[in-house]
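A quick write-up on the structure given underneath.
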């Protein structure tokens, strides 16, 4: 087992009788067969295939000290800055294969987050939680499971805390604790890829105070646990995938998000990692967010590559690929893409050691990465629309191209340069339409791992504005309290680093 | 007749047996019944209703000196700068009613373009063409017809002229001239709203030389003329409109573009306005483009208003409408929207008189307007996605909300502040999704009336770079040839103004 | 008299024995002789010359109904939208002649502001204030005086009102009222061109409440009134003007700002326009700001032209003027420049009638204009630096070029294409340095007529966000209170328009 | 010796009788005494002090395998990715101490460049060049010399090669070769800090062909070599430093650039590294540029910190530091600053091994870094101007503040919050003025290490556009030649890497 093939994953995921999944109001049993979900399953599958394919085999695997075996990297605990960089590099390559989000990062980041947090807890005495987590980790690694990470709550009214909400279910909460486990109710929203996973790791979505302790809950359960209902969300252009065609719904890979409803769900105690320990929620959220923000520097750069390639191809098809303004727009797209990637690489290689053999991303660089990702994809998309031409909003359907009464005309009028066919053009236009304007590139880029405002809060927190002011005062010849003694980079220690240090982990 | 009601238009458009329209490979007879086309018909209808509704009645009508009667403004020849401004103001208001492109501007701009060009031709001796056009104009005004403007050719290889194309049909061309009329073959692409129109005005898409004279052709025909085939293009999210629901496919108004195929179509001579007079093509294209670019300052500002309103509502639903970053993003959207509008207003009120009672937009301001429209909507869209939240890419379908097993859960988890329901939220999310990311706002904004590169060429042409250099040389204390004698604004005369002057029209 | 020549102004301004002006700590008597102030005087002079030069003669003059004579337009009360547009057009042309701010707009805008406000006051019974103002206006027009407008106070702590400031002098205030006049103390900061003016019009800088009534003061006095001290501010590169050279300090025209100190200054009653009437301060500030914001669409576009010309010349000097990236950058600068201008034109021609023969700018468009001006010049400057090359920060001085030991070398190494000399290049580099990075373009563009935050407040106030929300709700199929009945543009009435209406002026 | 103190450097640099330096046309003998050059010398000195100060001692030194001793890092050959990161980190810290460019990077980057290039030459047989270089390197390290790097030629007409220029001296060239050495004539322009250095390393500025071999020349000479003339360039606000004050010319540290004229200068053979080997010029330029582009991610981020601190202080002085728009603008400045830095870090840690113990920066990330630096500083500057207020362009001089007749007034009107004085405000305003608008931040950021267009050429070269197109074709379901076999990051090998590989260095 240990490193599964894509086929093994497919087989496992198609065989789930208890799972409760809804798409557009109807229950779906076999996600591998449903036209809406299949592309998403195929993207997940790509993360398994990556561990076997020539270009990604090395990046796609890692050595687990827990199993003393090679595992799929998507369930690996990062043991070095190079491990973190391997994540970003792998994600970029996987985007080339799917042109979509492959959805397995959230679970991965959740594992790494719980690894650090439970290690902190152990240092402060809660060793049993750390033990539980390690057992779970080994189970996941051993079986090479496809994990979802479930974090975002419904949230109700944004400026009220969980315990202040008029709707008590606005945040997932513990309704009962027994000797054997806990019962939870509520929902997690926007859960990436959840219908295609075997397990869910559930984490709290915000820092909480003592009054919110019923909401301070983290655990892992099988996706088909009783009481769990998954409602798959709609996406731009989704209905095309329900058509029978081959072109209009391109690409064949996609992603999905789901609303996960927990209706009095039981979680056995050996799967519970946080149940009331509100004091760890802030750190947990900060650690997770930074991990997840770093990753976007890889996957979104990879989608950028796809869009750049598609735009260049379309320019070639109509004979303008050497025009200076086309070259310039492609160059701009390259610059934007590579900027996102370089921030992701910096977040990885300039990493923070949080415990023995356990590395966190650099939180400042990780937030820079995500903030860039919240801005640049819409610029890349607009440039690709510019280069693709009006046809991206007006192209006929594949059914027109197949209609014998129209085929000849359309072939003639869609064709540009002679070595391309109308179908070549139509296929590439559809790819641009569905990737550039797709959920992964336009919306997940903005909101994934926290909306832009969340990164801005982190910039304020991490940046040492006081130091900057004292530096300026000194240069202005005013009385300044700056002391040039710190050897560190000019940032404040993050809350998570401080916690790790306090727990005796980080030196 | 003269000023039709929306209902009269609907009745007329549903009754066309000869028209040949295809949607997704299948022929459609009654466009008012087809779920894909109906929203587009409803948008067209709004231009007729506008002439009767309280807020737009004045803007929606104009007095025609040709008929000596009041007509719908969409078929009016602009007689003053105020007329031009009325266009921009009307378009903004119409966007509020439809949240979509209402598609009737292209025909309107085509009429105004032909009015100037045929007046030039008359001054140079071709009075019969001018007479034909005036007859046609009166017919259109009298019957308050819904017109398409058909300009963009298939174009083949972009850097070759029509006559150089390996594919002879890359541009629409005259295949035969008889005493009674002309025969044309080829296609026009991206023709806005064409399936919902009664007549098409066909214009050449680029400046041509003597070798291209077979391609220098302008005329008007009924949309259901024999040999005309309309293939309706696909759009982001179009398939949702084919579903039966009420929410996911919002708004109820939309627009469409079609590929119009001309298979040896006969045009009677009294409908032919250009047949080989290549020397007018450059001017014609410049005049049309500027008219059409001006208009975007109205309609896209109106869509901006819709998106601003939707974003503000969603912020209120989750209780963040007073947050400073939300206020600031709304303000930015207002600024971007009002900038597009103010350029459109300048293009109107700082207009150019081209003949007696005939005004053209200011070409510099009109190009500024469109270039802003090619940039700002994607910024507005991104801000709206930011404010709407991740839900814009993950919201469940209306069918989930209606499923009795899910309804209660979804109602609970989608709701924010208490005075809104889950359905309120879902409806507004769908509006944002379909307007912000829609074809009209994201793609037509870039490519309509010419891609960004086309405006940049006009900036170079209209701006007097030599004057600017001489000014700089003088200020630098160098020998300068600047003479401060011209009372005009610091632009070069456009080709069209020069032509009008040469024809003795413009003084 | 009435329309003075530049020479007449020069003569008048050089003859002031009582004026108290300081430059870098030293008192200056004749501003026309001082190397720091002379360029600023020359810019002022250009506004007089404009009324006599061929290209600007028409724009530079206007007909005054008060005198029934032709006057210099810079003291004219706008009687039509065309008058407002003439202002913007004139300012653009004047920038071509000076490459600098000519400083006479603030006084002009102050006159127009007081004209509307005193008309409102008259309608509410204070006819004597209106009479005083008209007398003053006639005096100014008759003698064609150079006016400063003094508005910005020292302001102390920004979030405290005048009456709350610990420093009682943070805002200019009335210290005593007598039968004959008032005594004022305090200061006005950032007063453009003040040392080169004959009169100052002093206005309050913010909306005030009843508790601030001692600070609600407006009046006009000669610049050389006893107790007035002017401290001229420093500017980037100012010290070069104190050198003796001809090149390094280019251009020969410039502008200045001064801190104006009022040390118990007496103002005779016939020059007092506001003395405690706090209820007019909000309107006064709003009216002034909008007038002044509109004007920037002209003068900054004119500076844009100068910079575009200089950049094009430098590109030509090194043989890259045909390179596509150079062309593209010039085009971008043109677009940015023309966008500012078109907003200014819209603010003028889509104007608001405030009383008989008295027009205010469109407040929304005027705020758009200024907000664009707060953003685009720094982009234009950066593009000009890009095109000018590193030399803009490293060029030798003119003294090196004149040194016989260096002259030959420098001539050789600074020269590019053969038809230019090293001096040609040096002169143009200096122009770019001093205009692109100059105070007028980089700093006044941001802060003049209110900082960017001030315009954003106006966007929120003027935009009808509630209407936009109701429109969105209707399109989303929700219950909406929108009524499509208003024929107006989709903005809220500004406070000033409401005041005018309430006073029975605006219909 | 080996690690000199700042004082030792000062002493050495003040004692040069033969050096020929001109400032504003006059010769300067002791650069440490001249008011224009002293601030620049102080910045250089900071690089020596850094090796002794607590916070930078570790970063400021490195262990040289050539000397087997500790040296100043500014003369170190990078032996690891961590060495490269240490450079970026050190530069950021040094910016905090100077608020200016410290000018020692160009020499440092030149040494590292020659190290790789001469190693390549050695592998191809030219071992004597490598030996010469190592001797020179040891001399430089041993004596801890201050080096300039001289690269940019006068260039004449940009689109002509050196040998095609009508002016034969447009590029530095070899005029004679003797047994003992070479004679060179021409000039190098924009040479940073040159007047404050002890040695110059001279490199070619562009790729050359065989016809340009007289121009393919690299060598090192003492700055006071006979025939070398240095003409120091002017800068924004430079003349203020020649005033006697303490405030208006802030900060006390600065940088300078010089035009270096070579009038038949003799270079002994043991200092010649390239003399006709044109085939290495392309690689040399590429290697140098990437090293230098990486560094900007450190120093410009450090200047960003200074500006952020100054802006925050000024906001506090007028009581608006808690205003949401102020906080948001500071956050934006932080984001922009940290983005530049993270790219620089990525360029360092994701480095390229070019030979044993010799690492080059990642060329893609390094170009991203510089391109960001060409864009973001002007945005940061504009935000700082926005926050500083209009006062940045209008503040009185320090001489006004010292004038007894004005002192009290100015103290009163410039002060904001009570715990700050007018002088506090004035000093900080001057710092913003001179750093935000300074040459280092505004102009060097654009043009240093190559203008933006140069980076864009590198993006095109390094990015594998063909791979991207094949990826897109595969996802579009078209025939694609993509093979997912390469384990590398998705870039093309740079020319320099290919050369290193071909020479048997890089494996």
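Order of writing sets the chain letters: A, B, C and D. Residues in each chain are counted from 1.
FYI, contacts are C-beta pairs under 8 Å (C-beta built on N, C-alpha and C of every residue); 3 or more make two chains touch, one makes a residue touch a chain.
Fair warning: this is a prediction, and the values are worked out from it, not measured in the lab.
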Chains in simultaneous contact with subunit A and subunit B: C, D
C-D against A-C, pair bridged by the larger set of C-beta contacts: C-D
Computed distance of Cα centres, subunit C from subunit A, in Å: 51
Computed distance of Cα centres, subunit D from subunit C, in Å: 39
In subunit B, residues with contacts to at least two other chains: 325, 328, 456
Contacting residues of subunit B [partner subunit C, same complex]: 53-56, 58-59, 81, 85, 89, 92-93, 96-99, 246-247, 250-253, 305-310, 312-313, 316, 327-328, 330-331, 334-335, 338-339, 342-343, 345-347, 349-350, 364-365, 368-369, 371-372, 424, 427-428, 430-431, 435, 455-456, 459-460, 463, 465, 467-473, 475-478, 482, 484-487, 489-490
Contact footprint of subunit A on subunit C as seen in their complex: 324-325, 328
Subunit A residues within the subunit B interface of the complex: 22-26, 152, 154-160, 166-167, 169-170, 187, 189-190, 229, 231-240, 242-243, 248, 257-259, 261, 263, 318-320, 323, 325, 374-375, 378-379, 381-382, 385-386, 389-400, 402-403, 405-406, 409-410, 412-418, 433, 437, 439, 442-444, 446-448, 451-453, 456
